[in-house]
Every structure is written in C-alpha cells, then in structure tokens.
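Two complexes come next, and they have one chain in common, chain A, joined by chain B in the first and chain C in the second.
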Partner chain A sequence: MAQRGELILETRKLTKHFGPTVALNAVDFKIYRGQITGLIGENGSGKSTITSIAAGMQPPTSGEMFFKGQPHHPSSMIEGIECGIGMIVQEQGTVPGISVAENIFLGEEKKFGKVLISRRKMQEEARKVLENIGLTNVDPAAPIESLNMQDRKLVEIAKTVYMKPEMLVVDETTTALSQSGREIIYDIMKKMRDDDKAVVFISHDLEELMEICDTLTVLRDGNFIATLDKEDFDEDLIKKYMVGREMTGDYYRSDYGTPISDEVVLKVDDVTTGEGMLMNFSMELHKGEILGIGGLSHCGMHELGKACFGETPVLRGTVTHVASGEKITTALNAMKHGLGYVSKDRDKEALVLTESIADNIVSAGYDKLKKGIFLMPSDTKKYVDKQVKDLSIKCASVKQDVQYLSGGNKQKVVFGKWIGRECDILILDCPTRGVDIGVKAAMYALINEMRLAGKSIIMISEEMAELIGMCDRLLILKDGQQSGEFFRSEDLNENDIIEVMI
Partner chain B sequence: MKSKKILKNIGMTLVLPVATYLLFFILTRLTGNTGFGVGMDLQTIIYTSVYSCLISQAMTINLQTGRFDFAIGSTLVLSTIIGGDLAYKWGLGAFGMLACVMILAALCGLVSGLVYVILGLPPMVVSLGLAMIYEAIGFMYNNAKGLRLIGKMNYLIFSSFPNNIILMVIVLILLVIVYDYSKIGYNRRALAGGQKIAVDVGIREKKNAVICYVIAGALLGLAGCVYLSKYGMISPETGLSSSSYFMSAFLPMFIGSIFGRYSSQPIAVFMGAVVQAFLTSGLSALGASSSLMTVINGLVVCAFLIYSSNSYKLVEAKMFREKLEKANMAKGITAKANQG
Partner chain C sequence: MSEAAVKTKKPSKVNARLIGDMAPYIGLVLVVVVFYILTGGALLNGTNIQAMANNVITTAMCTIGAVFVFAAGYFDMAVGGALCFSAVLGAMATISSGSLFVGAIVILAVSLGLGCIKATLASFVNVPFFIFTIILGSIFSAIVLVIMGKETTVLLKNAVKPIPELDFTQMSIISVICLAVFFILCLIAFRYTPIGPKAKNMGGNVFAAKQSGISKTKTTFTVFIIGAIGIAIAAFLLMLRTRTVGATTAGSVGNDVMVALVLGGMPLSGGPRSKISAGLIGSITITVLNSGLVILGLNTGEVQIIRGIVFIVVVLVSSLSYRGKLLPR
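Now for the complex of A and B:
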C-alpha cells in the first residue's frame, strides 16, 4: 500500500439526486495530500458530480463532507475556492469580450486599486501568473478571443493555480489539449503533489491516468467501486470495475484481409480549406470502406471532415459525390446525396441541447418523413423510437431534453440522427470522444455493422488504437497534407504511424 | 510602436465624424448652401450630439448586457416633469434642477432595476410595464400639463454652448472611469461576455444590473435637462409614445460598439452621436424632407448593422488569401521534390 499523506477531503454517504436519477449513491471517498488521485468511471458514473459538489458548484442531496477535518458545505464556487478547492472544468471557463489579464483576475480586480483599477499593474501581474505555468507566448493585454482554444484553457489553468488551492480538481481538461498543453498540466499536478497538496484528476484516458496518478478510484452508476494503489493498476481489472464485466480490450474489428470495393463513392480533389491547415489534399472513399484519418491536433483532419460535408469554405479543389457527379458545397447538398456528419464538438455543432431527444433525432430526417407540408406524429414517433431502441439510448422519455443526458447517450442521439436518415456516407469526427468504454464498444459494433451493410465511413480520430482497430485504410495528415497511407493489417502498430505523424 | 498605435487609435476614433463632416461640407457648398456646420447650425449639431449621446449611453449600458429598457423615454419624461417642477417651485436654480431631475431619474432606474431582479421577468416585459406606469404618473402629475419653463432662462442653461459641451466632457470622463477603470465596469463587461462564469467567480449579477439601471437613469435625467433647456417645456406622453425619445439613440450605439476598441466605448458612442448630428444637419441643409431624413437615417443604421455583423469577413478574406499563397508554395515544393 502506498504511503498516504494527511487526509484532506472525506465524503461520507454523499448522495445526489437529479429528479429520479441517482447520480451519487451514498459514496464514501477520501483524498489525501501528496497524491494525485485519479477518478475514473463510465459516463454518468458520478465523477464530475462528486468533485463539483466538493468545489461548491452544486449542493448534495444528503451526506457529509469534511475538508481538512472540518465540516465542508460550500454554497458556491467562491466558497469552494476560499476553502482551498480549485477546479478546472471540461467546458470553456473564460469570458469573451475582456482581456487575458482581466480573465485571470476576474472577480479579483480590487487587488489593483480600491476605486480606480490599474490596468498596467494587472497586466504585469498576469504576465507573472502565465509565466509561472510556462505560458510565455500569451500577451496579457490581448482580448481572450484572439487566443486559440488550447491557450484559453491554459489561461484558465493559470488562473486556478494562481489561487493556490490546497486541492486541485482537473476534470477532463486534457482532452482539449495537445501533447505540449498536456505536459504543462501534468507538471502542475506533479508540482502540487510534491508541495504536499492534493490533486484529483478525472479523465477517460486510462493510459494517462495510470501513468500520472498515484491512486485510482473507480465509480460506477453513482456508486463507489474500488480504490487502487499504483502497484495494483491493471488495465483489464480497472475496465472490469468500470463496466462491471470482463473487457479484454478486443472490442475493435477482428477481420483482416477484407477486400475494399473498387467503387469510389466520394472523391476529394486537391482541396484547400479556408479554415485550419488542410491544403492540396486528395483522397477517394470506397463503398463499404472505413477510411481512417489521423494526425496530431491542428493537422487539418477536422477541417477535412467539414469540407467533405460542405461545412467549411473550400478555397480551391472539389469534393464530388461520385454517383451523381455533383460537387458537395453545402451541408444541404451533402445531405441530399446521402452524407451524414458527426461533429467533434457534439454540444455546439451536433445537438440542440435545449431540445428533446425526439426533436434532435428527427431534425435530420424532415425530408424523409414529411407528407406534403405535414409531419405525421405517428411517423415521427416510429422513427424516433426505432433509433432509441436500436441504439439503446438511456432516457426517461424521448421528450427529455438532450442536455440532461450523459456524454455517451448524447453521442448516441447524434448517431441516431444520421442512422435514421439511412446515410450511405458517414463522416465521423472523433465519434468516441468523451464516452466511456461501454459506449465505445457499442459505437464500434455499430460502425462495423454499417460497414457490413455497405455504408462508407470516414473516421477521423485522435486515438491511434481506434484507427488501427477499426479502419480498412488509414491516411495520416501532417501540416495539412497527407504524410502517410496504411492498409489494415494485424502487423500495423502505433510506431509505424507515429513516424509519419510527427 | 506605442505612439503608432496611439495615432492609429486617434485616427480611427475621429475618422467617421471627420469624413461625415467633410462629405456634407462639400455637398452643401456644391449646392450653394453655406450654412452647414457653422454658426447656429454648429450649435444645433452640438446640442443634438450631446442630447442623443446621453440617451444612447443610457441605452448602451443595459443593452450590452442583454437588457433592452423600453422605459428609457418614460423615465426621461417623468423625471424631468416632476424634478424640474419641484426644483422650480423650491427655487433651486439650474443646478438644483439638474440634481433633482437626476436623482428622480436615478430613482426610476433603481425601481426598474429592482423590479427586474426581484420579478425575474424578461427585461423587455418589465420595462414595457414600467414605461406605461411612468407615463401614467407623468400624465397625472400637474393635471397632464407637463412642465413649462419657457422664458425662465436661469433654469435653461444646459443646451447652449459651451455649457452643453462642458457637461458632455464631464459625463464622458466619468463614464470612461466607470467603464474602463472601475470594478463596476469590469464586472459589467465580464457579465456581458459570459454571465455564468462571471457569477461563478463571485460577480454579483443582480447588484450590477441594478447599478447599471441607476446609472442609466441618471444619464436620462441629464438628457431630460438638456432637452428642457432647449425647448423650455416637456409634455407628458401616453400609449408608449415616450419611446420616440430613444429612437435616435440606436445609431450612436452601433457606431460605439464598432469603434469602441480604438478609444473607449463612451467616447465612441459620442462620436456616433456627432456623426448622426452631422447627418441630420447636412441632409436638412441639402433640403431633404423629414421623411427622407428618417429613411436615410434608417439606411445608415442598417448599413452599420450589416457591417458589424459581417466585419469578420474582411479578416477572413485576408486569411484565405494568405492560406492560398501558402498552399501554392507547398504545392511548388512538392512538385520540385517529385521532379528531383
């Protein structure tokens, strides 16, 4: 057993209900100083709920919390911060319309003058705060919206670290960061551990958790399952704890040597997009093929997905739907020719969060369902119910707002939109991003079924294992251009790909 | 580098008023009219600029945080009628009247703000209801006679030059301090950019909203005094006709939101008000009818809205050009490598 520091946070029988849903069920949980505690579990397992309660973002339904030995019941994030708990959340936590420095000292302006605030002093101090985490290329006076997503996230991290928390919660932040950004946050966590502070690290990336954390706590369906020390870390055991069943890791395709049809369904010819890095790019997608697109962040792969669906301006080149010979220039045009697109940014680009599951699923299928100018309730109900059943979407009712679903179920709704439409060509941009292993396995099975049904799939992913495991062919992009091509093989491994990726 | 940036900011702040002035100066001179922009016309331009700027500032402070205040006109009318009347009855003089009207207008703002935060209803709904109430009170007060101070010149000092400009300068200095260098201004901008995040770090949204309503009220009180000084009287309004008081406030607000980044928003709003005054006066000098002037004003407002909604496309076009150049270069390098 690892040597533990002083107990800093303890929950006793902590329970949280959201209506009839039990998000946390009498959880006993302990966090110690001098450790990085990993928190893992499927979507909806209660990881973010327990930490957000501790940080004051929401109250528990029942149960007790003790922070540094004292009863702890913060009523707001401010109180949480004042107690010493800082939290970096999944969502973007910066405010547009104000500068980097103003974002760092948001709510703390009085430090720079009681009546009049000194901008100069604020910017000087902000520069020190940014430099403290190694962020030297960001101008504190710049408007925050002039920064890219990663730098904005790092500004947020710098701000949280500046508050010198006793306990830092990092909630699935690393998914938004490139390797260099991740290194910054790993260093911060390690430094805090070395300074006898506590860190709670929530991530879906098991490999990352196993490497960084000293202990790992597994939650499942709001219940505490187990805490493992570093010497007991075992990938299969953790997966078993997470899903409650054996997961040996072979949830990818098992077939090799399956011939790819010669029939080309979509042709990308010398495309340069206005946004992102993609330039002079050509490829062909065949019928019944899963074509993987991989690369480092900002390599242009996400823009490629958008360009294929007519969602981003193409400055030069063409995307052609081969069967009709028509150029794909708009999303409407793409849909007309049987294309579907699952965006990486699920909450902003693929779903209307404040609308129901039914409305979201039907939204891509109006033209299929309409009779004249009417939509028949019985038809739409049948259409929606089929998707909910086939995809096993967990919900109280199809009238439930999508915003209240877990990440995995939200993604299933997005899939339902396009599967219901019976698309022949599906563009999937990071289809398993932020979903748990159980949902991932279901997604892979579904993608494979679609392939067997003759659908063509472009699978864009940042996970190499996923690309190797699922794709017939793999194109790697580097700086917006193709740097390598691989065919499905049992011998293909990550090292081969990394060579052309970096 | 820094001085270059300062010069650019000054240039961008002044470019629109100067361009508008020059345009109408040339057009009027070409048509043989020599009255534009000089003498009495210049005084009218200054008065119009100050008056519409004050209303526009009051509108901007709430609208940028998502609150459209329909009670702007009725607050101005009610506070000017009652405040002006009380000051006159009590013999307080011009500055006493200014204080009375401002305090009453700020109180109206306080009521508006409190009703909004307590009821939690949409600002448009709350302000429509309050506008009707304020109009009704203004109508009932003094048997619907409003306020007449014609000839009482010692009270009517705020519309004439240089008093109006002095008033404007003081207001602008105070507003720049509040917007750019005070906690209220910082909090307001944070709430406008991301309400939830701002509230999560302890910024009190409701308190800030009430403060904004109070400041807006005080500005409307000032506008009321400037108006009263110009015309010597103010009549009560009913049936939401008080909304006509803020119709001229939109163009300065839009101009302010576009050009604010080069100076400070209150200054940019004032520049917008000056542009509008030049436009009105210039069109009048060219013999345009009031209907034509309204149409042209509306078109200019639309033009600014179109620009502000599409300005990103200019940046995008430049970005796209650079991207294509880069793609061409990359293509050349690849072709060379293949030949080699």
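Now for the complex of A and C:
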C-alpha cells in the first residue's frame, strides 16, 4: 500500500436519494492529504453526488462526514469553501452578465472598497489570479459571455484556486478543455498535492486518471466498489469494476479500407461565420461517411458544426443540402432536410433541464408525431420508450426531470431527440464529452450502426483517439481554416495530426 | 451496461411531489373553508356564489389564455390594459351599430391586434418583453382616455338600437359555458397539440428550443393570439354583464392574472411546470379571496394589501421549493 498522508475527509454510510433514485448507497470513502485521488464510475454512479455533498452543494439523505477529524455538514458551497473544500463543477459555474473580474471576486467585493468598489483594483487583482494559473490571454474587464467555454471554465478554476482550498474537487472539468487547458489543471492539481493538500479528480478519461492520480476509487450505481493504489492500476480491472463485467480492448471501429461513397450529401462552400473564426472553409460530406473535425479549442470547429445546422450566422459562403439543392440557413430548415445536431454545451443549448426526459426527447419530433394538429399520447409514449430502451437511458421514469440525470444519461437524451427523428445527417459536437466508457462504447457502436445504415455523420471532437478510431476521413482546422486532411488508416497516429494542428 | 442502476425507495418522496402538485387545490379548499367560517357562511350563499361565478369568468378567461404566454417565458403585464382597450372599443362599436355581433367582432379584432403587437415586440425586438408590457399597459389605458374624450363611461343603453339585456342567471349560464368551452379547448391545445409543449420548451430554454427546430416567431405569435382570444371573450362577457365600460374597467385584472397563476401553482417564469389548470384554479382562489375579504368589510386598499402579501408569500414558498429542485447532482 502506498504511503498515505493525513486523513482529511471521511464519509461513513453516506446515502443520497433523489426522489425514487438512490444516487449514493451507504458509501464509506476516505481522502488523504498529499494525494490526488481519482474518482471513477459510470454515469450515475454517484461520483459528483458524493463530492457535491462534501462541498456543501446539497445535503445527504443520511450518513456522516468528517473533515479534518471534525463532523462536517456544510449547508452551502460558501460554508464548504470556508471549511476548506473548493469544487470546480462539471457544468458552467460562472455568472453571466458580469465581468471576468467580478466573477472571480463574487461575494468578495468589499476587498476593493467599503462603499465604492474600485474596478481598477479588482481587475488588477483578477489579472494576478488568472496569471497564477497561467491564463494570460483573458482580459479581466471582459464580460464573461465574451469568453469561450474553455476560458470560462479556466476563470472558474482560477477563482477556486484563489480561495486556497485544502481539498480541491475537480469534477469532470477536463472534458470541456483542450490539451492546453488540461495541462493548466494538471499543474494545479500536482502543485496542490506537493503542498500537502488533497485533490479529488473526477473524470471519464481513464488514461488521464491513471497518469495523474495516486489512488483511484471506483463507484458503481451509488455503491463503493474498490480503491486502488497507483501500482495496482490496471485498465481492464478498473473497467471491470466500473461496469460490473469484463471489458477488454478498445471500442472503436475495427474496419479499415472501407470505401467512401461518391455521393455528396452536404456541401460547405467557402463559409465564413459571424461568430468564432471559421474563414473561407469548404468541405463535402459523403453518404455513409463519418467525417471527423479536429483542432485546438479556438480553431473554429464548433462554429463549423453550428453553421452546418443553420445555428450560427454565415457571413459568406453557403451550406447546401445536396439532394434538395436547398441552402441550410436555420435549424428548422436543417431539420426539414434530415439534419440533426448534438451540441457540445448540452445543458445550455440542447436540453430543457427542468423538463422531463420524455418531453425533451419529443421536442425535436413534433412534426414526425403530429396527426393533423394533434399529438397522441400513445404515439408519444411509444416514441419516447423506444429511445429510452434503445439508448439504455437510466431513469426511474420518463417523467423524471432531465436535470437529475448524470452527464452521460443527459447526452443519451440529446441523442434520443435526433435518433428518434431518424436523421440522415447527424452533426455531433463532442458527443462523448463527460460520459463514461460504458456509455462511450454504446455511443460509438450506435454511430457505427448509423454509418452502416447509410447515415452521414460529422464528428467534431477534441479527443484525437476518438477521431482516429471512428472517422473515415479527418479534417483538421487551424485558425478557422483547414490545415490537414487524413484518411482512415491503421497507421494514422496522434503525432501526425498534432503536427498540422499546432 | 448495468441494469441495476435505478433502485426505488420508500414512497414518501414521491408523495411529497404529489402533495406539491396538489398544493393549489389544497390552497383553494383552505381559502374556501377559512372564509366560510370567517364570514359565517355568507361566502357560499346562493347570491354570492353567482356573483363569484360572474367575477371569476373575467379573470379565468384572461388567465387561462395567459398560461400560454407565460409558459413561453413572456411576462405579460399588459393584460388588464388590453382588456380595457378591447372592451371600450367594442362597446363603442356596439353603441354606434346597435349590434352585439359587430361589437364582438371589434373586440376580437382589437384584442388580436394588440396580441400581434405584443408578439411582434416579443419576437423581433431584443429587449426583455416585460419592459414593453409595463409601458404598453399604460399606453392602452391612455389611448382609451383619449378616445373617450370627455366621457367617463360608455353605456350600452345609449346604443342606436336596443341591446338585449340578460338577467343574472342567464348571464351566469352563458359565462360558465364560455369558460368551460375555452378551458377545454385550451387544455387540448396545451396537452394534445404541439402548441403547449413548444411554448413550455421555449420558456424552459430558448436556445434548446431553437436547436430543436421550434420557431420562436411562430410560437410567440401563437401564444399571444391564444391569450388575445381569452382577453376578447372576457371583454365581451364583461361588457355584456356590466353594460358599462370605461377607462378604469378591469383595472385590477392584470395583477389578478399574475396572482392567479401563482396561486394556481405555475411559475411566472414559465417553462415545463406551466399548466392550464393553474389558470382556472388560481382564478377561483383569487376570486374567493377577494369576495371573502369584501364580505368581511375590508375596503379596496386593504384587500389589495392582503392580496399582495398572499402573492409574495406564495412566490417565496414556490421559489424556495424550485431552488431545491434545481440542485445539481
């Protein structure tokens, strides 16, 4: 067993219920100083639940917690941070409508003046806080909405680190970050460990966890399964603990040399977008093809996905649905021609969180389900049940609010919206962001099935392994323009791609 | 994939949700019982029930229509102004033509026109809609004053031809039938056509709605037109019942609609938790509350204060429970 530091957090029989769902089932869990403790499990296994309870985001249903040897029951995140637990959450945690600096010092404004707040001092201090984590390209005076998702997440990280927590929880944050962003957060975690602080790192990227963490705790369906020390890390064993059955090998496509159809289904011609930095970009998507789009976070790939679905204004150029010859200019128009779009930012753009699973799935399919002007409940039920069954969405009921689902199950609901419509062209922007290996494997299998059924897929991803493993063709973007094109090959590796990416 | 992910537990939490759903009905029963006792039974005597039935119609028609508007995320504070505007112009048309039919057409046309103005502002102008409605309500009332000139009221008895007069019972029967038909049609539209789900989707997350192919413009116009139909029927029945309309007609309806929605268990922010029943239940509750307070001898100002307190308490309680439900997992 590895040398452990002082015990900082302990849970005893910690239990949490969400309505009829048991999210945590009498979990005993220990966190030590001087360690990066990885927390892994399938979506819905209880990882975020246990850490959010410790951080004061929600109370447990029953059980005990001890922090630094004392009983611990924070009633809010503020109380949690006062105790010394900082948490960077999976989804967006910044407040819109205010500046970067105001976000960092939210609730701490008195530091910059008792009556009149000095914005200049606040911004100067914010700049130091940002530079402390290596974030030099963000203007503290800028409105938070002007930043992209990665930079907003890094601002959030800077804010949490500024609080100097004794225990830092990083909850599936890296999935929203590019490699450079990930490096920043890895450095922060390692520094905290070296300073004898504790770090809990939640991620679905097993490779990342195995590299960064000193110990790994596996949860499954709300139950504690095992804790492994670094020397005992074994990918197949961890996967087995996570899913409760043997899972060996990878889950990408195994076919190579499959010819791509000559039939072009979607044509992007000389497109420049109003948002982001896609410039004079052209491409063709073929029938039955998985076309990968990769690049660094600011390369314009996400804007490309939106432009293809008519979701972002196109300043110049056209996106054409080839079969009909019609230009795609709105989401409605895109859907009419059989396009579907899975957004990267699912909570903000793809789901109504307070709405039920059923209503979310149906939301893109009214035109398919309508009989005259009516929606028949029996048709709707059949439509929803099929998606829930086919996609194995874990839920107590289809009437359950989507907000209570884990990240992976939320993503399945988004998939369900489009698969229910039987889209011919599916644009997937980071489709496996924040989902576990079990769900990933299921999604890859589904994407491959759709390819075999003649559907065309644009897969935008920041994970190179995913792009190499799944795509027939891969376009790399740099500064809004194509910097490389690769075809599916067993010899294709990440180094080849990185060369044209950077 | 593991199938044992979801386990069920004791049903107490499920019951808590059921109690939450039943809260507006419990509130209504509570209000009726409390005021029945406080008024020594006067609340539920035959005359007062008829009076309440007539009063509830105006609020309920407007509120049921407003459920669509609020569900789509539009905070409409100009319902009272639109009702007054439609009723006054309708009454003027009735007087000058001597025909109730012409009056009804004018009321409908004016109300739909105002609804379309609101929908246009909500769809195409990038300013929070409630800001417009604060101003619109005042503008509608001001235009009525301008149109009426020196007159303070428009009386149907001054019509060029006699306008049929309905007695109390006849008026109650027509009103109840109109309400029942409108409620059922709205219920069907809200639950069994894409109109309701699209409105709730838009109110819940306008970005997600857009990405799901829900047209903001089309949905916005649809909900405001339904709202306008509710206002038009309310205006017509009000004109028919009171036979007198003026610049102060339906002055409290705008507030009543909001209080009724809240008492009916609907969040004013709209979205997925919106429900048609909120319009009806809330309207009955606010009418019983108003009636009970008046029977107890409270003056208009005191009634307004108590209604305001009730409104704030219900909003506070529902927002606390809403926050609880938004906790991340």
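Definition applied: the second predicted complex is superposed on the first by the 447 of 502 C-alpha atoms of A that agree within 3 Å, B and C clash if a C-alpha of one lies under 4 Å from a C-alpha of the other, contacts with A are read in each partner's own complex, and residues count from 1 in each chain.
Throughout what follows, a residue touches a chain if its C-beta (ideal position, glycine included) is under 8 Å from a C-beta of that chain, and two chains touch if they have at least 3 such contacts.
From a predicted model like this one, the values you see are computed outputs, not experimental measurements.
Participant: May I ask you to decide whether A:279 touches chain B, chain C, both, or neither, giving the answer as first, second, both or neither?
Facilitator: first
Participant: Per the contact definition in the header, classify A:115: touching chain B only (first), chain C only (second), both, or neither.
Facilitator: After superposing on A, A:115 lies in contact with chain B but is clear of chain C.
Participant: Using the superposition on chain A described above, determine whether A:78 touches chain B (first), chain C (second), both, or neither.
Facilitator: Only chain B is touched by A:78; chain C is not.
Participant: For A:221, select first, second, both or neither according to whether it touches chain B, chain C, the two together, or no partner.
Facilitator: Only chain C is touched by A:221; chain B is not.
Participant: Can you tell me whether chain B or chain C touches more residues on chain A?
Facilitator: Comparing touch counts on chain A for chain B and chain C gives C.
Participant: Touching A:335 in the superposition: chain B (first), chain C (second), both, neither?
Facilitator: second
Participant: Which residues of chain A are in contact with chain B in one complex and with chain C in the other?
Facilitator: Looking at chain A, the two contact sets intersect at 57.
Participant: Under the touch definition given earlier, write down the residues of chain B that touch chain A in their complex.
Facilitator: 177, 180-183, 186-187, 189-190, 192-194, 197-198, 200-203, 316, 319-320, 323-324, 326-327, 330-331, 334
Participant: Spell out the part of chain A that touches chain B in their complex, as residue ranges.
Facilitator: 57, 76-78, 93-98, 102, 106-107, 109-110, 113, 115-117, 119, 272-274, 279-280, 313, 315-316, 480-481
Participant: Within the complex, which stretch of chain A touches chain C?
Facilitator: By the definition above, chain A touches chain C via 17-23, 25, 42, 44, 48-49, 52, 57-58, 89, 91, 220-222, 243-244, 309, 311, 331-332, 334-335, 341, 343, 348-356, 359, 362-364, 366-367, 370, 373-377, 392, 394-396, 401, 403-406, 417, 438-439, 442.
Participant: Name, in rising order, each residue of chain C that touches chain A in their complex.
Facilitator: 1-2, 4-9, 11, 13-14, 17, 192-194, 197-198, 200-201, 204-205, 207-215, 271-273, 325-329
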